[in-house]
Structure formats: structure tokens, C-alpha cells
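The following blocks contain the structures, represented as C-alpha cells.
Two complexes, one shared chain (subunit A), two partners (subunit B, subunit C).
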Partner chain A sequence: MRGKFTIAGLSALLFFHLFASSSYSCVGRLLVLAVGDTPDQVVMAEMLSLLVNERTGTSVELIKPGNLEACKEAVKQDKAQLFLNYVGVAQAEIGDAAVTGNPQEVYNIVRQHYLDSYDMVWLKPFGFNGPMDKNNKVEGGSSIAPVSTSEVLKRFPVLDRVINKLKNKVDDDTIADLVKKSKDKDVKDVVKEFLKSKKMI
Partner chain B sequence: MKKIAILLALTVLLFGCKQEESKQQGESGHKISAEAVHIDESNPVKIGFMICNSPKETTERFAPIAQYLSEKTGRRFNFIIANTFEFEDLIRDKKIDFFHGNSMLAITFNEKYAMQLLTVDKRGRDGHKSTGTIIALKSSGIKSYADLKDKKMVFGPALAPFGFMAQYDLMLSNGIDPEDDLAYYAIPWGSAKHDKVIYGVLFGRYDVGAAPRIDVDLMAHEGKINMDDFVIIGESEQMPYCTVAALAHADKDLAAKAKEALLNITYDDTVQMDGEVVKVLKAAWLDGWAEAVDSEYDVMRNKMKKLNMDPYKKF
Partner chain C sequence: MNLGMDNRVVSITGLRAVIIAAMLFMVAGFAHGEALIVEKGIISQDTTWSGEVILKGDVEVSKGVTLTVKPGTIVMFEKIASFGPQKLSQDKTHAFPRIEIIVRGKIIAKGTKEQMIFFTSISPSPSAGDWGAINMLDSTGNIIEYCDFSYAHTAVHAHSGLVTVRNCYFHDNGVAVGCKNFKGFAVKSVFTVENNRISGNGMGLLFGGGSVMNAQHNDISENKLFGIYAKKGGSKSDIKNNNIVKNGKGVLFWGVKPGFKIHDNNIHDNTDYNLSLMEGTEADINASGNWWGTTDEVAIKATIRDKEEEKELGSAIVKGFAQSPIPGAGISN
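What follows is the complex of A and B.
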């Protein structure tokens, strides 16, 4: 009887040790997210990092290679596994072929183009338009979505399922509010509060 | 045995916490003796073992198997341990010749790299097959799939056939979409994920858990949990357990010899490691091996297609 209590006690201790700490463990996976140089990118990158870590146990490292093209290049070279891109920016890369009036159609064309040309997969858009400039204004923006490669999504089988939970969860007003709050508080705390309020972590 | 444990512990302390260095090699980790039989050391092959709970535990369990194969085939089998997600690189780059890991990975590499399935581990109540269970505490009042709606659930690793795939499929087949119907789901951090799933339910952090039957049975047997506290909401059909396979480039005659050696092993078979006699099956927590029958994996292939998982994933 005493032995069983000892085992139960040790188990409880182990359990609380295992779950109480969010530090990264020995047997862990690492995902590198390339972040662009605009305020909305910084907020969404931190949000993704926390969401993925909390929900899948995968650690997420943020790198800042520079502009969007540099982020895309980092993913192409597997120096990063994920970046955040704007449909409008990708549309401009393709040229006239992608010009239609319907945002969903444009997204579909861009998504297919990236899959065919770069083996990259566009996940679901967050819901707001960007990019923001230094004054947090958006001019002629378009929807933003995470982009990865098919190889990465095969290696991380639940990644797309978890990331797509942010689909349409952050609209224009929300991102403006989160960016504003991040000026006075640590952005990590800001996104944590947001995800908790949505019961996503 | 103590000496081996100390050496292994030192190895883990030195290398265990660096992801890049988690692939450990037997030839550098500790000395394996070949006093009793002649083993050709001139042209060694490598067998990669998937890390189950921790590098230390995996090495303790499976290093004797590599030694057993060396002695029975007369060719040195060096062992490497690696995480599930590291195997694709090892296999694509031909850095290993033989594989030991879960049956989902075996199917994936069979499909993508023509890896030949040799034998299946026999362990626990279902022999060379196993199942995945969905568990809850009896006191939670959860009794059916319908009760899973809006509950918090913890899964095992995403590449675990009996800790993720089986349960995800069970839920879909019973009208529960984990993405839409659960309030929340997560996968634990770090090592020993199956244990964490079961403890996560036991201590009330989650309402429901996805646990391999083998781990539930083992923890109950060891007195870590009392099955009277739990209810099993659902259990998957039986599917092949961990699998030994030969890569496409591996010597075919050697693969045949290795397969025969594994199929013929008995509880009394021992190997000498660092001068000590070790019972191979006891060390590995196994009851033996069964021949891998390709058609028995079809049930898993169908589930992986249904769940849009590698190697069948479509974008």
C-alpha cells in the first residue's frame, strides 16, 4: 500500500514537473519562422509561435531575415520553415494572370502558383489586410496568411491543422488593437492574453 | 548491467539535450564485446532505432538487439537512435541500412523509399498488433463519443499510430471532428508523451486523452494508475506494432539473415555487452517478432489516406 502511495506521489511530482514548465525539453522539435519587418508581422509571428508551442509542443524560433523576399528565400532554402505573406504581394509577382475582382479567386490562384512554382503551401488567411507601415497604416492592403512548404507540413503533421485555427480570427480592428497594445507591453504578453481570451491556449 | 547503465546515462547527459546531437551511435557510445562469436568488423551496417520515450531508455532497450543481430549474422550492426522526424533524412541520405520504428513511419518509408518490411515487434496483449484508446476519468461522466463535444483533449505525438492517428480516425468515424467539436486539444511537450497523456487525464488537466493500449496496460501493471479510475470511450482495431525493415540499398542476403534471426529469437537468447550477459527480449520489453505481412498494414494506409497524412498528403 505504502509502495503504491509512493508511486502515486512520485507520479504526481513528475506530472507537475512535466506540465508546469514551458521550457523546451530534450526531445523537442524546432520550427523556424521568418518574420518580416512590419508591425503586423511581428505580432502575428509571436502569436503563431505561442500557439504552435502550446498546442503541439514544438518550439518556434523567430528570425528576421529582412523584407518579405528575404523571408521567402529563407523558406526556399529551408533556413526557415514558415513565413507570413500577403496575397497582394504574391499576386504582383505573378502579374496579370492573377488579376480578378474576387479575393477568394485571387487567393486560389496565388496558392496554386506557389504550390506549382515553389512547392509552397498557403494556409488560411488570418482575416486582416496588411502590411502596415511604420505608422501602423495600411494602404491598398491584402489578406495575410502563413506560407510553408509541402515537405515541412508532411514533417509536422498537425501544424496546418493548428495554424488554421487562426483563420479569420484577427480582423483589421483586432490587429490594430494588438499592435497598439504592443507599444506599451511585451508583445508576448499581448498575444498570450488574446489567445487566452479566445480559448485557443 | 550497472556499468552499462552508468555509461548510457553519461552518454545521455552529454548528448541528450541537443537536438542536433540526438542521433547517438553505438560504436562511440559504449563498448560492445564480440568475444563469443566471430563478427566481421570490416564492413559494419547501421540500424536506426526510433526514440520511444527517451534516448536513455531507448538505448538500454535496443542496443542488445543490435548486438544480437551482429552475433547471429556475423556482420557488425552499429546502432543509431533518432527521433521520429529525423528518420526521413537518415533514410533518404542512406545513413542507415536497417530501421526500427513505429508502423506509420514504416509505411511512409516503404511507400517513398521502397523500404522492405521484415518483422513486427510482439509485445503486450495483442502480440504483434496493438490498438489506440480514448480514455477519460470515470468521475468525469464522459461515457460516449457524443460526450466528447466541447471537451479538452490531449493527444500523443502526431506521428504516433496508437497515440494520435488511431484516435483521430476513431473520432471522425463516430461523428466527432476533433478540429470543430473539441473545445481544445494539444500535444504535450518533450519526451514520454504517452505517459504525459495518461497523467494529463488522471490529474484533470484534460478531460480526455489519446493513449496507446500498451502504455495504459503498462502503467496499470506498474501501479502508476488504477484502471478502476478510468473509462475507455473507444478503442481502435488492431494494427501492426513497431516494425523492423531493411532499406532498399541494404544487402538482401543480410536482410534475410537478420529477419530469420529475429523470428527465431527466444526468451533465453543473450548477448554479451561490456562483459555482462543480457537477455535480449527482456531488455527490449518484447516477446519476440512476427513476420511482417504487407497486407496487414493496409488498414493503416487507409486511415493515413483518410486523415490526409504523409505519404498520402495532398495539398
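What follows is the complex of A and C.
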């Protein structure tokens, strides 16, 4: 036939633009993930995207609205359904109320604060601390976890179950390694190899 | 029934429907070169297409009406703006973004081995999704034989349709064949899909939602994402005597319950998995009697994602696997 069919670009475009955005779809729905601009966010967003798509058929579109506050705002407005946040960043929002030396306790306080204030739900932390700076260094970091809303989790009933499979699967060394690999290789390939090695996809 | 059209919503009932249908019956008789130019509109009486046909907008075959496509016909779809003015409907529940042939009546597209019928994009640089689908809605008696489909979103699709698809070639589409049922439509989808070559698409066969897919003697290969995706509600389907090879994934399952039949197929050399159970597939899948490219059970299981990888999933039962390739599987004539 005429023309050359570019199969290489098909999979992502197909899911995002042909199948995912509306209910005529016979494949699944679209979930938008707001991504911050640090290397660890980019890697984890790609990992989540692949995991959710592979395990549920739901397509995940990544958007970059700006900083974490912009990501949170996108989720509040349902322009995105998920973003990745750091416990320390959220703790800073609360101020003194969250001051404690116990990371789990801080997580619990932050989690409750987001639920009460924004109807947002913190899922399980991935297991590493961030954010990374442009040199891939972390100073004074805190654990990172996906954050969504109660309403979204009702709309995507298996989402939390799937995402929580990443709980404690990525430690500091692992994320550093993935970020490093993604400099020389497509990050999509890097996270795919990782998830396959963990038998998660 | 409400039909969104040109930003208006027109209530199609009784005499008014006839008048509007007549006004919209723009299957123009005028020639454009040798091609029949078909504008957006409703076909409200039996119609036959032959030669070259160029579709410039959605066409809907009314209930009780038959669209016949003669052997050797080339149907070309213009690539219109997504849900633009050339769409008959903005209803995203049932409509595709670009031009489709909506069949509420019946379509008979029977080519021959020597004179296949082509459904394709008119674009000089075509790509998957240039046009929507042959989209059957609450429709029965559809026959599609010896047709070549390319550059569609979902080449043959039904929300509640009875369809036979035989001896066709699907390539360069988003999805080759897809179906499910839709609440409110009386017809329950049953697809007979046999002796087709389904190769080089984004996805091969996709079904669920109470539909029945009887697929046999097809070559399903080199589809980017998967060969077959059986979704919840597709449990009465029967997949047999197919070659399902070299796809991204061979066969995907989501929410399928016991009763699903998949047997006497050659399923091997799929890139990620030959068979994969997705989240929420808790029932066991009886996949015995297939050839997996080897007689090494450990090697077979290594190409299957099921309970062994994730305890919440059901098991894919491969015991009783074939000891050699299934003779006669794949296209049989």
C-alpha cells in the first residue's frame, strides 16, 4: 500500500490519541499523571505509566505542569489524576504540626492532612528519598509517593492496588542507577527492563 | 433517538426522519474522475458501491437498509478533523473520531480472491487512525469477505452486532477487529472471524462486554501490542486453530471467567508473553491443547504471566500442551 507505516511510534500514540481519551474506546481509559521536573520524577512517572498500562490496559499520559505545586493544582482541578510528591515537601506545607523524627509518623500526618484538606490520598512510598537535583544528588530528601484523589481511586478501582506494588521496590541506589541508565538509553526501555526484572510486567 | 449533526441535535422520528434522511442522503451520483464521491449523510435505501468510492464524511446505513460493496471496489476515506463537522455524531460512546461507516442496517462486502475490496485511507502518507471504522451498531447479518483493511482506527467494530469476517487482510490499523455489547441495544455481539491475515496492526482482536468471538484459522502476527485481548464479558468465546505469533503479547486476558476456550492454536514467539493475565483476572484460564513452540513446560511457563508471577492472578493451565505444531492451524485456504 501507499506510504510507510511507522509502527515504531504507534503504541504510545495509539493508546493516547486513538483509544484512550473517550469512552468509545474498547481498550481502556486515560489517566493523566502530572510530573515534576527532577530526574527521579521522570523515571518514576515512566515506570508508573508502564506498570499501569501493562497491568490494567489504562493508558497513562504524562504532563509537566511545572513545579510540585503546579502538579498538585492539576490534580485538584482534575486536569491530572495523579502526581508524585515528597513527604518532606508536604510536611513543609503543614509546618510545626508535622515535626517529628519518625518518618512513618510524618507520612501518616501528611497523609491525613492531604485527605482532610484536599481529599487527596497518599499511596505507598516507592522506597527512595528525593528530590534529585540536576546533578542527581539528594540533599535532605524524603520519601516519595504517588498522590491521587478519593474520587479518582473510585473511578479507577484497581489503581491503588497496582501502584502499591511498587511499594519499597525502588531504593536510593536503584533510582540512582535507573536515572544514570536513562541518560544513555530511552527511559521507557530502562523502566521496562527494571519492571521485567522484578517480574512486575 | 438523538443524532448529533452539524452542531444540531435532530430528533429522528416518523415522517420527519424520512424527510431529514432524504435531505441528508448525499450519496452523490456525480462523478469525480471515475470515483463516486460520498458526502456525509444517511443511506436510507439499499445501495451498491463499486469501482472507486471516496468518503468525505460519516455515512450511516439506516435500520432495514443494506449497503452492498461489489468485488474490486476501493473505498477510500478522507482524513477529517477529529469529531469535526464531517462527523454525523459527536456521541463519543458510539462514534469514532474520524470517518466511519455506521451500520444500523446491514453491510455485505463480499470480495473474491481475485478481486478483493479495499478499505483504506486516501492520504498520500497514511497512518493508523486516518479513518474510524466500519462500525456496526445493533446490527445483524453483516458479511465481510475478501476485504483488505488498512489505516483504520478499528477496521471492523461493533457495539452489538452479528458479523462474519472471512478471508480478509488487516494491516496498518490501530485495531483490526473489536466488539462488545452496549446496554440498550437488543443485539448481542457474535463475531465469526476466520481465515484472516491480521498482521502489522497496533492490535489484533479485541473483545469483551458480553460479546462472543469465534476466531479460527487466522494468522495473527506481528501486531505491535497484542494479538488477542479478551476482556471481561468475553468468556463465551472460542479461539482455535489460529497462529498467534510474533506479536507484542500473544493473548491478553482481563477479567475473563471460566468457560473461555482457547485451544489448538500455535502460540509462540510473542515478544513479551505468549499469554498474560492482567490485573483482576482471578479465574484460571484453561489453555491446554495449544502448541507453545516447545515441549519444555518450564520454558512454556516462562512465556506466560499468571499466578506464578503474581499471587492474585489466576493460573494459565497449559498441561496437555501439544507436542508439535498444530497441523492445519492458521489460514486454511
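Heads up, the rule we're going with is that the second predicted complex is superposed on the first by the 174 of 201 C-alpha atoms of A that agree within 3 Å, B and C clash if a C-alpha of one lies under 4 Å from a C-alpha of the other, contacts with A are read in each partner's own complex, and residues count from 1 in each chain.
Note that in this section a residue touches a chain if its C-beta (ideal position, glycine included) is under 8 Å from a C-beta of that chain, and two chains touch if they have at least 3 such contacts.
Since the model is a prediction, treat every value here as computed from it, not as a measurement.
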item: Partner chain(s) touched by A:Arg55 [first = subunit B, second = subunit C, both, neither]; value: both
item: Contacts of A:Lys137 with subunit B and subunit C, given as first, second, both or neither; value: neither
item: Partner, of subunit C and subunit B, that touches more residues belonging to subunit A; value: B
item: Partner chain in contact with A:Leu115 - subunit B first, subunit C second, else both or neither; value: first
item: First, second, both or neither for A:Lys199, with subunit B first and subunit C second; value: both
item: Touched partner set for A:Leu30, first subunit B, second subunit C, both or neither; value: first
item: Partner chain in contact with A:Leu153 - subunit B first, subunit C second, else both or neither; value: first
item: Touching both subunit B and subunit C, residues of subunit A; value: 3, 7, 11, 14, 18-19, 22, 24, 26-27, 54-57, 158, 161, 199
item: Residues of subunit B defined as touching subunit A within the complex; value: 16-17, 19, 22, 51, 54-55, 83, 85, 88, 158-159, 164, 179, 183-193, 196, 199-200, 202-203, 205, 222-224, 309-311, 313, 315
item: Touching residues on subunit A, where the partner in the complex is subunit B; value: 3-4, 7-8, 11-12, 14-16, 18-19, 22, 24-30, 54-57, 115, 121, 150, 153-158, 161, 165, 199-200
item: Parts of subunit C lying in touch with subunit A, wherever the complex brings them together; value: 92-97, 120, 123-129, 150-151, 153-154, 157, 171-172, 174-175, 178-180, 200, 202-203, 206, 208, 224-225, 229, 231, 248, 252, 254, 272, 278-280, 305, 309-310
item: Residues of subunit A defined as touching subunit C within the complex; value: 1-3, 5-7, 10-11, 14, 17-19, 22-24, 26-27, 54-57, 158, 161-162, 199, 201
